[in-house]
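Contents: one structure, followed by commentary.
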Amino acid sequence: MQRPLDVLGSSHDKKVIVHLKSGAKIAGTLRAFDSHINLWLDDAEIEDSENKVKLGKVLLRGDNIVLISPEK
Amino acid sequence: MQRPLDVLGSSHDKKVIVHLKSGAKIAGTLRAFDSHINLWLDDAEIEDSENKVKLGKVLLRGDNIVLISPEK
Amino acid sequence: MQRPLDVLGSSHDKKVIVHLKSGAKIAGTLRAFDSHINLWLDDAEIEDSENKVKLGKVLLRGDNIVLISPEK
Amino acid sequence: MQRPLDVLGSSHDKKVIVHLKSGAKIAGTLRAFDSHINLWLDDAEIEDSENKVKLGKVLLRGDNIVLISPEK
Amino acid sequence: MQRPLDVLGSSHDKKVIVHLKSGAKIAGTLRAFDSHINLWLDDAEIEDSENKVKLGKVLLRGDNIVLISPEK
Amino acid sequence: MQRPLDVLGSSHDKKVIVHLKSGAKIAGTLRAFDSHINLWLDDAEIEDSENKVKLGKVLLRGDNIVLISPEK
Amino acid sequence: MQRPLDVLGSSHDKKVIVHLKSGAKIAGTLRAFDSHINLWLDDAEIEDSENKVKLGKVLLRGDNIVLISPEK
């Protein structure tokens, strides 16, 4: 039986795009996640309607997330 | 006794439309779900009032969801 | 002793109107509900201030709901 | 020792006014309540800044409620 | 060791002012409270930027509350 | 091992400034706190963009709080 | 197996930037965190679109946080 969080398990050390509730998007390399969908991303970059900022390593709190998509 | 989540059980590997609280809609093939209604969708596409974007595989966090409807 | 969710128990296979927090309303035939007030509706139709759309079968997430009223 | 929910216990089968977070108000006869302050109201009527609509029997989800006041 | 809810314990049968998240304020005599900070107020009166309305007895749901202050 | 709530433990009977989600700020003397970060403040004063009001003793519900800072 | 909160563990006594849901940003030295991602920061400074204010020591409530990034 597969589970939704398997999408994250198979994206370990790969680049993902995260859509936030604020409308911003964060791209980064997925290093770790937990059951709250808190994420550790490396080489992260956040982009909103106005600009794009390099953040490096981030802990992203799961309750801000709409969806996570592995980069194609 | 039937339960609401049976709607998802019977939609396995089928196309569903998801309405989000933000007003956006996501269409995709349902691969997995859990008790929080987190969803794993394949071949997903998100559409808001402005545009339509192909996302591929996504993990959608359940707390963003208004409703899920299997494609007719 | 009666409980609020008895309103749903007595509406099984009957038409209900659901008011959502977004201001939209959904009408449909109630097939199942759970303790989170997640609903399975058949022949559902959603209506907001702008238009009315047929959805067919839907799983409606309980945390979007203001009230549920059996059709008179 | 009295508890806040005793206000509801003493309003059984009596008319109450409910103020919602949306700003709307619902009047109806209180038939049942639970620990989440979900309410079953009969002969309910909802009124917002624009109009007043008869709803009949309703299940009102507790998390929408600001306050409940027995009709004087 | 004192606890924040002692402010309510020492205000039993006394007048309190409650600030709500909506910006409205409710004044009333505190009859009972519970661990969710649900309140039973008597002789309550609600005031927002537009008007002031007498409510009498009310059950106020704790999650709407910003702060509670005993009347000086 | 230190914990975030130690900031409150070391501010007992001292003046703190609290930033609320609404944008308002409350200053007062910290008398007690609990694990929800509910606060009992004495000699409290609330200030928003429009005015400053003395409140005296208050119970502040933790879920309204952004941050708490001991007065320097 | 690594976990997202390891980002915080490795930032002890180091400077971090915190993005809040309100759009404000707080910079400070991380002294402690807990499982709710409540943070104790020293030498904190908050910056929103209008101005920048020194706060000194703060307890930041975790539910306001979007992301935390160690300063590069």
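In this document, chain identifiers A, B, C, D, E, F and G correspond to the written order of the chains, with residue numbering beginning at 1 in each.
The definition used in the following text is that a contact is a pair of C-beta atoms (placed from the backbone, for glycine too) under 8 Å apart; a residue touches a chain by one contact, two chains touch by 3 or more.
Note that the coordinates shown come from a computational prediction; the quantities given were computed from them, not determined experimentally.
Touch-path distance (fewest steps) from subunit B to subunit D is 2. Centre to centre, using the average C-alpha position, subunit E and subunit G are separated by 33 Å.
Distance between subunit C and subunit F, defined via averaged C-alpha coordinates, is recorded as 42 Å. Each of residues 63 in subunit G touches at least two other chains. All chains form one closed ring of contacts, and listing them from subunit B in the direction of subunit C gives B, C, D, E, F, G, A.
Remark: subunit B residues 1-8, 17, 19, 21, 37, 62-63, 65-70, 72 touch subunit C in the complex. By the touch criterion stated above, subunit B contacts subunit A in their complex at residues 20, 22, 26, 31-34, 38-40, 44, 46, 55-61, 63-64.
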